[in-house]
Structure formats: structure tokens, C-alpha cells
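Two complexes are shown next, each including chain A; its partner changes from chain B in the first to chain C in the second.
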Partner chain A sequence: MDYTASLYATGAEIGLSIAGLILLLVSAWTGTRYARLVTILAAAALFGAMIFSGHLMAESTAELTGDAFGGLFRADAFAGFAKILIYAATIACLVVTPKFFDARRQYRSEYPVLMLFGAVGMGMMVSAVDLLTLYIGLELSSLASYVLASFARDDMRSSEAGLKYFILGALASGILLYGMSLVYGFAGSTNYLAIRIAFADGFGTGAMFGVVFVLAGLAFKVSAVPFHMWTPDVYEGAPTPVTAFFASAPKVAAVVVLARMALDPFAGQIASWQQIVIFAALASIVVGALGAIGQNSLKRVLAYSSINNVGFILIGLAAASAAGASAMLVYLAIYVPMTIGSFAALLMLRDEDGNALETFDDIAGLVTRRPAIAWSLLLLMFSLAGIPPLFGFWGKFVVFQAAVEADMIALAAIGIAASVIGAFYYLKFVKVMFFDDRTERGIATSPAGHWAVLILAAVIVSPLGYLLTQPLGAWADRAATSLFIPV
Partner chain B sequence: MITLIVFLPLLAAIIAGFGNRALGNTLAKSVTTGALSIACALSWPIFLGFLSGTMEASVVQVLPWVQSGTLTFDWSLRVDTLTAVMLVVVTTVSALVHLYSWGYMDEDPDQPRFFAYLSLFTFAMLMLVTANNLVQMFFGWEGVGLASYLLIGFWFRKPSANAAAIKAFVVNRVGDLGFMLGIFGTYLVFQTTSIPEILEAAPAMSGATIGFLGYRVATMDVLCILLFIGAMGKSAQLGLHTWLPDAMEGPTPVSALIHAATMVTAGVFMVCRLSPMFETAPVALDFVTFIGAATCIFAATVGTTQWDIKRVIAYSTCSQLGYMFFAAGVGAYGAAMFHLFTHAFFKALLFLGAGSVIHAMHHEQDMRYYGALRKEIPFTFWAMLAGTLAITGVGVYHLGVGFAGFWSKDAILEVAYARGTDLGNFAFWMGTFAALLTSFYSWRLMFLTFWGKPRWADSEHIQHAVHHGHDEPEEHNPAIQEDAGHDVTHTVPSPNYSAGTGGYHPHESPISMLIPLGVLSLGAVLAGQLFAPAFLDSAAFWNGSIFYNEPLIHAMHAVPTLVKYAAFIVMVLGLAAAYLAYIKDTSLPARGAEQLGPVYRFFYNKWYFDELYRMLFIIPAFAFGKAFWRFVDKGMIDRFGPDGAAWIVTKGSAAAKRVQTGYVYSYALVMLLGLVAAITWVLF
Partner chain C sequence: MVDLSQYLPILLFLFIALGLSALFVFLPMGVSRLTGAHNPDAEKLSEYECGFPAFEDPRSQFDVRFYLIAILFIVFDLEAAFLFPWAVSLDLTGWPGWITMMIFLGELAVGLAYAWKVGALEWD
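And now, the complex of A and B:
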């Protein structure tokens, strides 16, 4: 692949980086005055990148012409699918952000810039076909995330969240990097294709250590059990729009990277990682369900919900097949609007003084006060629980179908049984909102942007979403197929 | 035509039921009563056609119902002599009861519902009697059961009415289980549910055996006994009779229609309909005879001791049904059907007459507070007298005249004697003794109600009426509402505030109640005389619709004269005893009851059946239920199912919370431990 083609394949990342740098300069010169404008421009840049990624994916030249920059970067359909989701999620998070900080007059124009850089890093992650590209992308997005987590500097919890995230993230990075060095040491290359060839005929103990360390490092990013401990604390402490962002875009990126890592360089050694993934999947489902039950904080519940959902996604990975990978992508595509919609609803629940309503007690009898929010949340929660007429069911269905097709019936059965436990706290939302006596705390009116995101998410997860199954399935299948290229 | 007869009541029920309040009382009543009158008017020509021999049996297909493999049956309406008899009985009594209810239920707030239920019942009953297959018969069977449940519990604000409705339903379920098993078994054996096909194939099956509960038993006996258990439930035979007296909680017209004339005779009808089948099952027939005779005597003994006017008649019904069954059991299906036919008239008459008395006495049902009503409500008195003469079987054999009951009951007793078997003799003696008791309790009812001195003053109902007037709705007894504000004239305390009357003046019932009484009186007087030759002696009349035992009928006519007079003699004895005890020397009953203490109490408490069932079934059932609830449901299913799962989840979530300390170092530790565990797993 020549330079022109390489530049074209990385067009989205390059464009976003340039946009990010310009907007950084703008915000440095103008301070917070044009924060709103910067946000809009950042969203526009992301939108452009999304269109470009979609265009690339439709063309999908990568499969034919090879990797950009001599085997560092691959703009295949798999990455394209992930990027569209990541950019879309980032845009949605940007839309709901400014009004949140307005109440506290804390909004700064660095925020959208950080989001942009985070998105660039994630785009690089999902396109990486070299350990170094992966690490750069991952660190870029992580650093942006650490800052975002502690963006509300005056808030103790936000600072604490940022610090915790940073320390544990650094530990995970260390584990990941150590694993990479081991892999490089035993494979003699950092390129995925070369690693796959080197490991095709089995590997020694050292290389196995490397593989496990790499996977563990990535498991931290997807917050799979037992590397999930940071999730509830960080999700609770971070400002809610940031939490929405954490729960959506980075999760997509990390899952996709994990899938590419497991199914490309380590594809020859499925047996060595499959057991770990199965354990992580089931443990995530169970811990995600159990952990949420005792919580009163809505954000913590949603944090555990994201752990729970990751478990279901990992079932698709455990299947280690094209169908499994496709199922993961479909699940992600449904998970993103579900989770962003839920957080958008949370964002809208504020009293007249701008304080967030963050506990179950606060949303008691919500249906009598804000019926539209309550009904949207009902759809979202039923969808998260995977109750059939809603779209969330479809995601769970394809994942379990992939597992069953891969002869992992026991895994699917346990997963389905465990999802019942999860249904408890999703239904608790509904019970509290619809059947409990209302509390007298007033609720402020919500801005149009929040409404737009919430309604869009609610429509997607509603049974209307099934109109999307055909194109979504087709795109996910194409993306998954592109992952499995022969050596 | 038959389609119209059957479906008009359904149509009326739907209109009145769904129209309900929107329709208004008068319209709902007119629609239902009109539909029933038309049905009745259409039924009589059919019956008369069969009587004169101009009608032939026919089957009208309505709709195909089920076609599944070899199991095929349709909705179809069969009309033959047997059906025609039932048609006139059902439609006539139903139409009269509808009319009667105009007066009786006049003040009830829920009249459209009442009339809709009545019409619905009539429809179900007609489906039952026109059924050409066992499944449709079962449909009608359950339909009448449902309507009976709804009507017994019509005053659903009264707890005792609800309890009675549930009791009727549950006891009937026991019988229905037998009926269902019978239907299943019949299908198993004959591969069809079509009644004509079964009856045709039945004789070939006699002698066949089937494994049942580990024994080889005769197939037909098993099937017939199972079917008869269904009949026992519906017709309140000994063992499954307990619901019938309690069913008197329903409005009196309901008792007349359902619990005297029609529904309770469904069992008799079913046995007669399937008579060729029963004829192949000698053991089953003996069983029928025994149960019939035992019920007959049992209910009669209880009837002699009851004080509630409706309960006396209810036990009387039970007893008369026993007659019908043992008639069928000894093979005289014609006699059984004849008694069913005449009984429908005089028992409906007695019930409606009792209703009229109750109406007059302001809902007092205890005969101890009646007395001397002969002059106050003369029309009711004469009607009741006709009914009593009919039920006690007044008639003289050699003159060839008698009231309805004379013809049918004497025929039954004679045929039981003529049967010549031990069981036949047993039935004869039981029946004769029961006839004595019938006469006694019927005259006792008459004497207590219409003769003697007024004893009204002690009645709470009467006192209520006198002191409070009728204007206030009375809450402790919803039944009273129907009468509220009915008659202002006798609310004024009489200056003659003497001991007996308590200042109360009974009033004769309105004309809508008296017309049915008049019509039924006619039936009670004449039905036997007119139709005895056809029902008893004419194989041509039945025309194969029931099993007709020609030699038995000849033997019946050849019994000794004393046997022919037995019923009459015991009737006179009963009358004399009742006269002695309740007119001549009114202290006699009390002294008698005292002297015969245990026996009296045994009878008075209905042979302790309710208590026995309570001990045998209800208490153990509750205990079982409680035990299952406590040990199986709570202790095992819940404990290891939902509760256990919830316990694990709670513990698990507590553990998850405990691990989530909030300290970075413990998080890091968990991560590293996880990493180590993963590596260990992969390595080994």
C-alpha cells in the first residue's frame, strides 16, 4: 500500500487529529467563551469522520490492498463498523454534555477537545494491526479518559474517580505492555499477521504468559470480571455525561480490540484463551447482576449493568467464530443506544437547583411527574433486561445463537439463567418509577438535546428497532467476515 | 323449529345479559320471557306430535365441532320422544318461572342479570336434552351446572349464598369427574361419542371385561357406573346430595326451575337416554337401584324433621329423584321418565307455592312461624293443596282416577315389586315407606303453614316488617330488598296487636305469580291422568328412544291388589299421623322428638352427612393443602426455588458489595489475583 492509499485509509483519524489540534488552539486562545461553538465543531468533525468511515467501509479497499503504513493500520469493515459506533456515541455524548455543566458553570472548551482525542485514540485502537499502534491508540484514549473522569475538579468524587481510574489504568497498561513485550519476544514481531504465523504451530510458556497478560490488560478496558473493580466507582464519581461516554464508546473500542486480538494474532491458539473468556463472560454476567442488586445509586446500577452486558458480549467472543464476532457487533450496536439513552434519562432527572436525582428514592413515582421519561426508561430497562418485544432481546438472541452454533450450549444456558437475575434490577427501575409513591422533589425541565437523544434511543430499542435487523445484520456479518482473512 | 327452541333462550340470555342495565328491567324481562314463551309454544306441538305418533325421530346438524382423527362430533340437535318429553318439561316450567319471577323478583336491583341467567340455564338444559353425542351432553351438563352456580349465588352479597353456590359447584365436580371418566371410557371402548352409535354397539360389548384398578371387571358395568356417578352429582343422589338443600339459598323461582323440575332430573334423563347401554350392565343397574332406593328413604326421613319450608321441599325433591332412579334401575325407564314428567309439574308448583308463601310472610321461611294462612292467601293455599295431593299420590286404583303423583309413583312401586329380585323388593319396601314419610312431611308442611293458629309474631322478619316498615333497605338480608316497599298497607301496626299475628297481614301474591301456580296446578292434577297410558304402556310412544321392557310392564300390571293400594294406604297413614301431630295435639311432635332423641337428631341433622364429609374430606383436604403448602410449596419449591435463589442472590450481592471496598489497593489486588488465576488456569 503506497502512501496515498495509507493516508486515505487513515483519513478519519488524521482529520480528527487536525480538528482536535485546531480546536485546542482555539480554546487556548478564547478560554471558555466559545465552548459551545467548539463543541459543535467537534461534533461536526466527528460526524465527518463517521461519514468517512462509513464510506471506507462501503468501499472496503483494505481487504484487497493490505495494511496502511507497512502493516500498522487496517481500515477494514470490522474497524469501520466499530468506528461508526464510536463516533456516533461520542457525538451523542457531546450533545448532552454542555447543558449538564451549564448548571454548575463548569463547562470548558477543553472538554470536546478531549473527547475528540479520545475518539482518535479509539479509532486507532480498532484499526490497529500492530501492537505498537494498538498501544498508542489505547493510551491516547485512556489519557483523555482520565482527564474527563476528573473534569468536575471541584467535586471530590469526580477527582477520586479520575485518580482511581488513572492508577488502575496505569496498572492495566503495565500488564498489557508487559504482555506485549513477551509476545514480541517470542514471536519476533509486533505485527498481528506475523504473530499469527509465528504462533500457528503452538507456543511455549513464555508466549502464553504474554497472551494472558495482553488479554488481561484489555479485559480491564472492557471492565470484564475480575478486572472490573474500578467501574462502579469511576462511573459513579465521574460527571454523568462522561460516564455515558465511558459506558459506550471506549467499551466498543475495547471489545473490538479484544475480539481482533483474540481472533487475529492469537487465532491459532483458541484453546488457550477460550476458557478464560468463558470464565470472564460468566463471571461478568453474574457479578454484574449481583452487584447491582444492593445498590441505591442509579449510576452504580448502570455501571454494573455495563459489566453485565460485557459478559453477554464476551459469550460471542467465546464462540470464536464469524457468527460470534458478528453477534458481538450487533450486540454492541444495540447496547450503545440502550446505555446512552439510560444515561440521558439520568441526566434529565434534576431538581430545580440543578442537583441530579441519582437514587432510586428520587425516581419513585416518576411516571406521575415526568411520564415521557418514565416510559422511555421503561423501554430502555426492558430492553436491557432482554425482554422480547424490545430490541435488546435481539442482541442477546444472536449472541446465544452464536454460542449454541459453536456447541457451547451449557454456556448459553447458564448465560440465559443468569440474565434472569439481572432482570431483577431492571424491573426494579420500572417498579419504583411506576408503582411507588411519588416523592415531592421537583424536576426541572429538560433541554431539547437531552430529549432528542433519549427519544432516539427509546425508538431504537423499541420494537421499531427490529426494522434495523436486516441492514444491521448484513453490515455486522460483513465486518465479521473481514476479520477472518486467511494468512 | 328445534333450532329455534334451543337458541332463542340463548339469544335472549345474550341480549338481557349484555344489555343488562342499559336495557332496563322491563325490556330484559320481556325479551327473556317472550323467548321462553315462544320456545314453549313450539315445544308442545312436537310433544303432541310424538304422542299422536305423527312425528319421527330426527337429528338437525348445526355445526361441525371437532374432527380430530377418529374423534369426530358435531353440534347437533336430536329430537325423539325422550327429547320431546324433556322439551315440554323444560320450556314449560322455564316459561312459567320466568313469568313468576316478574312478581317475585320485582324489587330486585339486578333483574336483567337474573333473567339472563335463567335463560342461559334454559339454553344449556336444552342443549343437554337434545344432545346427540356425549360431548355435547357434557357441554349442556356443565352449562346447567354453571347457571345453577350463578343462580344459587345470585344474591352474592349474602355469604351463605356464596358458600352454597360453591358447595353445589364442588360437589357437582365430583360427579362430573365420574361423568368425564365415563365419557372417556366410552370413547375408548366404542371409538365414538355419538349416542346412537354407542347404543347400537353396546349389546355386543356385554360380557367384555376391562382392567380397572388391577381387577378384571365388566366393561359396561364400569362405564355405566362412572356415568351414573355423574348423574348422582347432578341429581343429588345419596352421597352427592349435600349441595341440594343448601342450594335453597338461591331465589325461590330458581329452586323451582333448576332444583326441582329440570336440572336435577338431568341425571335421570341421562340414564334413560343411555338405557340400552345400562341394560347391558346388570351390576350398574343394581347400583342405580340401590342408590335410588336409599336416597329415597334417606331424604324422606330428613324431610320429616326440617323446619325451613324450602328445605322440606328440597329433601322431598331428593327423595322423588330416588324414586326415578330406582325405577330406572329396575328397568322401567318409561316409569322413571313419567315420574320425572309429573314431578316437574307438582314440584315446581310446590316450590312456587312456597315462594308465594314466603313472599306473603315477608321472607320468613321457618314453618314454625307460619300457621293459619289458609284464609289469608287462599289461591296459594289451593295451589299448594293440589301440589300436595299430587306428590302424596292421591288416587284410587279401581276408579282409575288420581292426581299426577299417583300415576307415576304407584307405577314405580309396582314395577319394583314386579321385578321380583331382592333388590327390587328392597326398593319396593323402601319406596313404600318413603311414600308414608312423603305423605307425612307434605301434610306436615301444609298443616303447619295453612292450619292451626298464627304464630307469626315471633318471627324476626315479621317483626321487622311491622316495626320498621319496608322503606329502609335492610342490610342483613339482601333477599329482603326484593320486597322493600312492596306493600305499605300492612306496615301500620294493627290495633289488634295480639299474640299470634303480631299485627301482620299477609298478602296474596301478584297475578304474575298466581298464573304459573294455576297452570302448574292444572298439570299437577291432570298430567298423570292424561299421559299415563302413553308413558307407561306404549312402546310405540317411546319408539325406541329408551329401552322399553315389555314383559316387565305386563308384570307390573299383574301385581297383587294390595301392592297397588300400598301407596294409597301409606298415604292415608301419613296424613293421619300428620293430622294427629300437627292439628290434633300440637305437643306431640315435641314429645316425640324428645322420646326418640337420638333418632330425631340423626334425621334432623341430615344423617350427619355434612359433618361426615367435613371430617372425611374437607378437614383432610384442608390439612393436605396446608401440609403441601407448608412443606412442599414453602419448604421445598419455594425454598430451593425462588426463595433459595433470592437468598443466594442477596448473599451474592452482599458479597459483591463487600469486595467493592472503594480502596484502590484492594482493586489492584483483585486484578492481580485474577491475572495469576488466569495464568495458573492456562498453565495447568
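And now, the complex of A and C:
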């Protein structure tokens, strides 16, 4: 692959980097005056990158045509699918952000710039076919995330969230890096293909340590149990639009990286990582369901809900088949609008003084005060619980189908049984909003951007979403097949 | 007989999880027990302020100027560390190598311009 082709394959990331650098200078010279304009330009750049990724995905072939920059970067359909999701989620988060910070006069034009750099890092992660590209992409997105988590600087909880996220994120990166160094030591290369060939017929205990450390580091990033403990604290403390971002785009990127890692370099050793993924999947579903029960803060509940959902996504990965990977991608594509919609609804719930309504007590009787928000939340919560006429059910269905097809009936059965526990707190949302006595706190009117995101998400998860199953399934299948290339 | 050795990966995985969480809890406790006599009283547990009673909250905001200067120093220090091997291997890497380094320097220049403009380099 020559330089022109390499640059073309990395076009989305290069474009976003240039846009980020230019907007950084714009934000330095104009201060906070044009923060809104910078946000719009950043969203436009992300939109362009999304279109370009879709275009690359449409024309990419399933066969390995050679990787960009000498085997560091691969723009296949799998990465393309993930990038479209990531960029779309980032745009949605940018749309709901400015109003939130306006109330506190804290909005700065650095915010969209950080989001752009985070998106570049995530784009690199999902396309990485070399451990070093992966690490650089991961750090780029993580460093942007640490700053975003503590963006509300004079808020103690936001600073705490940023610090916690930084320390645990750095620890996870350290674990990942240590695992990578072991893998490199035993495989003799950092390239995925070379690792796969080196590990094709068995590896020793040392290399297994490396693989397990890599998986543990990535489990941190996807917040799978037993490495989930940072999630509720960080999600609760970070400003709500930032939480919406954390729960969507970086999660997609980390899950996709984990899938590519498991199914490309470690594909010869399925038995050794499969048990870890099965354990993490079941433990995430159970802990995510049980942990949320006693919570009163809505953001903490949604944090546990995201842990719970990661469990279902990992079931698709545990199947270790093309159908499983495809099911995982379909689930992710449904999970992103559900999560962003829920957080957008949370952002709209604020009283006339601009204070956020963040506990179950605050949303009691919401249906009599803000019926549209309450009904949208009802759709989103039923969808997250996987109740049939809604689109969330389809995600769970394809994931369990893939597990059953891979002869993992016990895994699927336990997963389905545990998903019933999770339904408790999703139903609690509905019960509190619809059947409890209303509180007297007024709710401020919401800006149009929030409405647009909420309604779009509600329409996607409503039964209308089933119109998408055909194209979504076809694209996910294409993406999953591109992952399973013979050596 | 079931071959239990095939479950080694998951044992390792759980060991990392348990080990890390135990480390965070017990390491500080253990170190403080081992390195001093354990005899706490109200005076010992209050924060130390040169013999005076503490008169302000230690969580106050403090100046980050030194930190900023140190970070900027590290950035340009690393840049120099990259430049030396790049300079001696330029005959091997050729034009692509030269252009790549120029892009890297350009990005650093953008960063410096940003830091300069927002006043990170001003001492007062």
C-alpha cells in the first residue's frame, strides 16, 4: 500500500485531527465568545468523518488488501461500522452539551476540541491492527476523557470524578501495556497478524499471562465486572453531557477493540480467552442488575445499566463466531441511541433555577408535569429492559441467538434469567414517573437540541426501529465477516 | 478426571482483579502499621500544621504555574529526544521521514501557540 492509499484509508482521522488543531487555535484566539460556533464546526467535522467512514466501509472488500502505513492501521468494514457509531454518538453528545454548561457559564470552546481529539483516538483504536497503534489511540481518547470528566472545574464532584478516572484509567493502561509487552516478548511482534501466526499452535504460560493482562486492561476500559468499580462514581460525578459521552462512544470503541483483539491476534487460542469473556459477561449482567437496585441517583442507576449492557454485548463476543460478532455490533448500534436518549432526558430534567433533578424523588409524577419526557423515558427504559415490542429486545435476541447457535445454551439461559433482575429498576423508573405523587418542584423548559436528540432516540427504540433490522443486520454481517479473514 | 489446568486464564484474571482491589485497601494500612507504632489519639489524627491547630481547609485551590511549566518542558524535552535519532537516520527514512517529523513539529507548534495565547506562559 503506497502513501496515497494509506492517507486515503486514514482520511477520517486525518481530517478530524486537522479540524481539531484549527479549532484549537480558533478557541485560543477568540476565547469563549464563539464557543457555540466552534461546537457547530466540530459537529460538522465529525459528520464529514462519519460520511467518509461510511463511504470507506461501503467500498471496502472483505479480503485483506494490505494495511495502511505498513500494517499499523486497517480501514475494514468492522472499523467502519464502529466509526460511524462513534462519530454519530459524539455528534449527539455535542448537540446536548452547550445548554448544560451555559446555565453555569462554564462553556468553553475547548470542550468540542477535546471531543474531536477523543474521537480521533477512538477512530484509531478501532482501526488498529498493531498493539502500538492501539495504545496511542487509546491514550489519545483517554487523555481527552480525563479532562472532560473534570470540565466543571469548581464542582468538587466533577474534579473527583476526573481524578478517579485518571488514576484508574492510568492503572488500566499500565496493565494493558504490561500485557502487551509480554505478548510482544513471546510473539516477537506487535502486529496482529504476526501475533496470530506465532500463537496459532498453542502458547506457553508466559504468553497466557500477557493475554490475560491485555484482557484485564481492556475490561477496565469497557467497565466489565470485576473491573467496573470506577464506573458509578465517575458517571455520577462527571457533568451529565460528559457522562452521556462516556457511556456511548468510548464504550463502543473499547468493546470493538476487545472484539478485534480476541478474534484477530488471539483467534488461535479461543479456549483461553473465551472463559474470561463468559465470566465477565455473566458477572457484568448480575452486578449491573443487582448494584442498581439500592441506588437513588439516576446517573448511578444508568451507570449500572451500562455495566449490565456490557455483559450482554460480551455474550455476543463469547460466542466467538461471525454471527456473535455481528450480534455484538447490532446490540451496540441499538445501545448507543438508548443510552444517549436516556441521558438527554436526564439533561432536560432541571428546575427553574437550573439545578439538575437527579434522584428518583425528583421525577415522581413526571407524567403530569412533562408528559413527553416521561413517555420517551418509558420507551427508553422498556427498551433497555428488553421488553419485546421495543427495539432493545432485538439486540438481546440476536445476542442470545448467537450464543445458542454456538452451543452455549447454559450461558444464554443464565443471561436471560439475570436480565429479569435488571428489569426491576427499569420498571422502577416507570413506576415512579407514572404512579407516584408529583412533587411541587417546577421543571424548566428544554432547548430544541435536547428535544431533537431525545425524540430521535425514542423513535429508533420504538417499534419503528424494526424497519432498520434488515440494513443494520446486513451491515453488521459485512463488518463481522471482514474480521474473520484467514491467515 | 477433569483437567483443571485449562481454567488457568480465568484464575489469573480473577487474581488480577482481587489483587488490585486488595492492594488499594491493604497496602496503605499495612505500610503504616509496619513503619510506625500504632497508637492513634485525637491529636495524632488531626492534620499537622507546624504545631498550630489547623486553621484552614487543606483542599484549597493552589497555583498550577509550576506544573504548567514542567509539562511544557517535558513536551519540548521529548521533542529533542525524538529529533536526535530522527536526524541520524534521515538518510534511511528519506522524504517520508522528513515530512512526518515536520508534521509532528507543526503539531507541537500549534500546542505552543495555544499555550502562549491563553497565557499559560505568563508568570503573573
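The working rule: the second predicted complex is superposed on the first by the 483 of 487 C-alpha atoms of A that agree within 3 Å, B and C clash if a C-alpha of one lies under 4 Å from a C-alpha of the other, contacts with A are read in each partner's own complex, and residues count from 1 in each chain.
Going forward, a contact is a pair of C-beta atoms (placed from the backbone, for glycine too) under 8 Å apart; a residue touches a chain by one contact, two chains touch by 3 or more.
Please read these numbers as outputs of a predicted model, since none were measured by experiment.
Chemist: Answer with clash or fit: chain B and chain C placed together on chain A by superposition.
Modeler: clash
Chemist: Does the superposition put A:L24 against chain B (first), chain C (second), both, or neither?
Modeler: second
Chemist: Looking at the overlay, does A:K164 come into contact with chain B only (first), chain C only (second), both, or neither?
Modeler: first
Chemist: Is A:F186 contacted by the first partner chain B, the second partner chain C, both or neither?
Modeler: neither
Chemist: Chain B or chain C: which reaches more residues on chain A?
Modeler: The partner making contact with more of chain A's residues is B.
Chemist: Just checking: does A:Y3 make contact with chain B only, chain C only, both, or neither of them? Give me first, second, both or neither.
Modeler: second
Chemist: By the touch definition at the top of the document, which applies to A:M229: first (chain B), second (chain C), both, or neither?
Modeler: Both partners, chain B and chain C.
Chemist: May I ask you to decide whether A:I276 touches chain B, chain C, both, or neither, giving the answer as first, second, both or neither?
Modeler: In the superposed model, A:I276 contacts both chain B and chain C.
Chemist: May I ask you to decide whether A:I293 touches chain B, chain C, both, or neither, giving the answer as first, second, both or neither?
Modeler: A:I293: touches chain B, not chain C.
Chemist: Would you check which partner chain A:Y426 touches, where first means chain B only, second means chain C only, and both and neither mean what they say?
Modeler: After superposition on chain A, A:Y426 lies in contact with neither partner.
Chemist: Enumerate the residues of chain A that count as touching chain B in its complex and touching chain C in the other.
Modeler: The answer is residues 171, 175, 205, 208-209, 212-213, 215-216, 226-227, 229, 272-273, 275-276, 279 of chain A.
Chemist: Give every residue of chain A touching chain B within the complex, in rising order.
Modeler: My answer: residues 163-164, 167-168, 171-172, 175, 205, 208-209, 212-213, 215-216, 220, 225-227, 229-230, 232-233, 272-273, 275-276, 279, 286-287, 289-294, 421, 424.
Chemist: Which residues of chain A touch chain C once you look at their complex with the stated criterion?
Modeler: 3, 21, 24-25, 27-29, 171, 175, 205, 208-209, 211-213, 215-216, 226-227, 229, 271-273, 275-276, 279-280
Chemist: Write out the stretch or stretches of chain C touching chain A in their complex.
Modeler: 6-10, 12-14, 16-18, 20-21, 96, 107, 110, 113-114, 117-118
Chemist: What does chain B use to touch chain A in their complex?
Modeler: Its residues touching chain A are 645, 649-650, 652-657, 659-660, 662, 664, 666-668, 670-671, 673-675, 677-679, 681-683.
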